[in-house]
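Both complexes below contain chain A, partnered by chain B and then by chain C.
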Partner chain A sequence: MTLPRWLTAVGVLVFGFMLLPVALVVWMSVFDSEFLMFPPPGYSLRWFTGLSRERGLFGGLQLSFVLAVSTAVLSTALGLLAALGLSRARLRWRGLLENGLLLPLLIPAIVSGVAIYIYLYQLSWALQVRLVPTLGALLLAHTTITLPWTFRLVHAGLAGLGTDVERASLDLGRGPWQTLWRVTLPLLRPSLVGAFVFAFIFSFAELEISLFLISPGQITLPVAMVQYAEFRVDPTLAAVSTVQILLVGTLLAVSNRFIRFGQVLSGGVKG
Partner chain B sequence: MTALTIDDVSKSFGSTPVLDGIRVDVEAGELVSLLGPSGCGKTTTLNVVAGFLPADSGRVLLAGTDVTTVPPYRRDTAVVFQNYALFPHLRVRDNVAYGLRARKLPAAEVAERVQAALELMDIAELADRYPGQLSGGQQQRVAVARAVAVRPRVLLMDEPLSNLDAKLRQEIRLELRALQQRLGQAVLFVTHDQQEALSISDRIAVLNAGRVEQVGSPAEVFERPRTVFVADFMGVENIFAGEVADGRFRTDDGLELPAPSGGPVGHVGIRPTAVRLSPPEEGAPQDAARRNATVTGRVYLGDSVRYHLQLEPTGTAVVAEQPRGAGTSWQPGDAVTVGFAAEDLLGLQDAPAA
Partner chain C sequence: MTFDRSTGRLLVMPAAVITVVFFVAPLVYFLRFAFERPSRTAFSEPVFTVENFTRLFTSPFHVGALTRTVVVAAAATALALLLALPVAYLITKASPRRKALLIILTVFPLLVGNVVRSIGWVALLGYSGVVNTVLTAVGILDTPVELLRTATTVTVAITSVVLPLMVLTLQASLEAVDPNTERAALDLGARPLRVFRQVVLPQIVPGIAAGTSLVFVLCINAYATPRLVGGAQVPMLAPVVYDTISSDNNWPFGACMAAVMLVVSLAVVALYGTLLRRQFEGWRMAR
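Presenting the complex of A and B:
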């Protein structure tokens, strides 16, 4: 199929619009100047080598990475359980539950952040245990907001599988657990990898909720970046952003070896 | 010995009854078809037998053992699914081995039986492919190999040929039948295709609205349909409602026909191929009833020609089918005489005797 020329032009424009900021950030990260100025006086990698000395940013990068991995694991596992339960069990209020799991999408992140903070603060008083700010609270909050995505992806994957392959396995003599392990989970792998990647990226870039839940000395990368930018504007931020972009890019590239994202997002994972 | 007994099984989805007292037996080595239009409950019956759906009432027996409440993974059945339901992440070999490994057979025996099943279905050279790399016909063979490899008490086939093109379907139909007879495998075969059921079955159970309308050999069901539904499904297109009076059958719109043999009936049916056409005011001497009629339509079908007719004076619509080249060729508007032989009139009940 040949595309009309104007359509190609629109495509190039849209892609350019999307990718230009990314390219600019990467470009600025190698400016050899204390301030952002155009044209740059020269190029250097010193903002990258200096990153490890920026304790706020570097610590944030480490914490965010650990948090994003934990969030992705927890959220994918919960999303899988919810999707299995809701698509296979015969429940009375199934539609309500399915849509209920998507509710966190409707609430502005900043509202969720305040709400979770207040709730955990009150609970801390009641239990006489400090719940905020803790890493646990952060993990809980990130899992909550990523759950709609992980649930939705796995749910769509299950719907794409249909029930016949599972029935075939049962029919041939494998019990429900064996069927889950030998048929359902292997066939869901693309959806699970997709869910994991989504949750990771979401958590890694999350700012608003984290603002309320971080504890001093344990700051996630996006929060650390905001704090940094309040005092200084130099290519350090661009450098740390570049690291972020590379990290997510690598993750996408690696997971693309397992699955095709286009397929996962359109719900079909057969074959 | 009876391989499978479906004993008075009923099933409702919510308030909608789907199966209403289904009774079907499959003897060892026998192929029984469940034949009916979509929504008649044939696939639901198969799902109840496989254990995917619980029956509301009634029993399912495999070789005399009640398995009504036994889960599917402990039932000695194997299903060939309509969409094949092959495991896309496993090679053909592992698909076929799946049920054998589930039965914890020794590896050597698994390998041996997988090989035998693959050779039986003539797909040994596909053993290392994945299902996604196979054509529809090849996938179908893998599905059958996977099911027969476990040597089930009853093989359950859910419209296994419906996703194949017409030519392939006829080939595989013959092949399946030969295979079934060679293995002596009891099969419950679900289909909506009358031709398929007639050509492959030892016996046919015709289902309508969750009930068995008639069970019999293909010849019995085709030649002696007992109910209006079965007759209609078997291509008896001319069906007249009426009643028997004084040894004659009088249709509701006043047509008089000889009473069909065997009991009081509410309908009389006659196949289009049994309707004889002759020039006006003539008629074959063996015709038990003759009517003048007008040709209202003509459809050329290649091997035969179909005529749509209107009987006088009642205006009753009748369809006749004549082999090509036999008798006169008629055109719309022609006046003809329509004749029925007494032995071609089929007495039909409204519904099966309860």
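Presenting the complex of A and C:
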């Protein structure tokens, strides 16, 4: 069946509508001018080389990178354990546990942010320990909200593997832990890489919950970018945005063969 | 391989505990403040009251923000559905290689995040932005005009931000439609647009319900785009909640607004899915 030409034209326009803001930011990052002016007087990479002088944005970049890596490690590990437990043991309350772990997906981020902030603040009061704002609170909050993704990805991976190979390994005399280490985990690598990349990207771009948990000296990149953008939008901001765009693009390109992003991100409805 | 029950429990424990302690507990706990009285000297005055809700629904500023948020969200959702349908259909019909490429092109802006894309929209629509520069250069405008800070531009920008999710959800739904049903309708002489409306569309109603409710909730709770594109001139719920909690330190009122957003979001997901599906089911049967 051939598609009418106007449909393709509409498609091109809609993709333009989605991608234009991203392309524009990348273009602006190489402008050789202090302010935005179209067309630019020339091109230069000085906003990238000078990025380390921008204390707020550069500090945000560093903090967000460290936070995203830590979140991804912790979230993937917890997601893996939970997925193993729920798919390879006959647990009571299985449905409740599975749905409960996915709960954060259902709750709007700004509401979660308010809730976690108020709760931790009151807990600090009660325990006489400062919990907000701390890096630990940020890490735990990011881990909790990325857990649904890592859990779901690894859980689906385990379901896809089935238990036949594991049973063969057990029949051939390997113990359960050796089977897990030598058979299951290596076969699960694509899902684990996917889960890690997902958690990293989500943590790196997370804004609404971090808003409440950052402190003046320690601001994550998205929060720093919003604060900066409220003041002005210039090539410096575009340069740090471009770093994020390149990072996400690279991760997407590298992990694309491990994970079907489109399926994971769709509303999960078939037919 | 199967683990025994106690090992299984041990494996699930860390994830379950962290979710309960750092997510479920806060969610239940913060609601308490929505029913307490604001106080200047403490976080709240611990008396049970519904005056926060009364204030929210009587203060013109907050009723305005609430209405504006719902209208912008509804408009952006409708626009996103309209724009996503043809694109999702194109992706479904593309060859495997092109399909993979188009999906990546859809996923990419989504993963780049809404902050970067909102910044792009500010650069596009700002006073010295692309649109103003082009319009003055061509001679349509004499001097640049303020395009930012209006509900319309916020709607356009939010639409662009949520569009990828709508496309992906509709595409997943369209993939499950049997192409033979379309071929049959075409062979029987129906025009392509009619085939799409009467044969394809009824089959993807669950996908449309999922996509629109998901996107609507995201729009209601959007923070970065209203903040950067709309600013103080276009107050919407999420930024107002943040300011109330963080700048004004008014926890009870902020918690009240957050509670309303939570209830609206959950209600939309729960109701919309079932109601709309049932209605369309009737429509499908009637045809």
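Here is the rule we go by: the second predicted complex is superposed on the first by the 232 of 271 C-alpha atoms of A that agree within 3 Å, B and C clash if a C-alpha of one lies under 4 Å from a C-alpha of the other, contacts with A are read in each partner's own complex, and residues count from 1 in each chain.
Here is the rule we go by: a contact is a pair of C-beta atoms (placed from the backbone, for glycine too) under 8 Å apart; a residue touches a chain by one contact, two chains touch by 3 or more.
On a predicted model such as this, the values are computed, not experimentally measured, just so you know.
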Which of chain B and chain C A:167 touches, first, second, both or neither: both
Of chain C and chain B, partner touching more chain A residues: C
Chain B versus chain C as contact partner of A:59, first or second or both or neither: neither
Partner chain(s) touched by A:180 [first = chain B, second = chain C, both, neither]: second
Which superposed partner A:50 touches (first chain B, second chain C, both, neither): neither
Touched partner set for A:40, first chain B, second chain C, both or neither: neither
Residues of chain A at both interfaces, chain B in one complex, chain C in the other: 167, 169-170, 176, 179, 270-271
For the chain C and chain A complex, residues of the former touching the latter: 1-5, 7-12, 14-16, 18-20, 22-27, 29-30, 33, 43, 83-84, 86-87, 89-90, 93, 102-124, 126, 128-130, 133-134, 160, 163-165, 168-169, 171-173, 175-177, 179, 182-183, 186, 192, 203-204, 206-207, 209-211, 214, 217, 220-221, 223-224, 227-228, 231, 238, 241-242, 245-246, 251, 254-255, 258-259, 261-262, 265-266, 269
For the chain A and chain B complex, residues of the former touching the latter: 162, 164-165, 167-176, 178-179, 183, 186-187, 270-271
Chain B to chain A touching residues, read off their complex: 50-52, 71-75, 77-79, 81, 83, 85-89, 98-99, 102-103, 132, 146, 150
Touching residues on chain A, where the partner in the complex is chain C: 1, 3-4, 7-8, 10-11, 14-15, 17-25, 28, 35-38, 78-79, 81-82, 84-86, 88-92, 97, 100-101, 103-104, 106-122, 140-141, 143-145, 147, 151, 163, 166-167, 169-170, 176, 179-180, 184, 201, 204-205, 207-208, 211-212, 222, 225-226, 229-230, 233, 237-238, 241, 244-245, 248-249, 252, 256, 261-263, 265-271
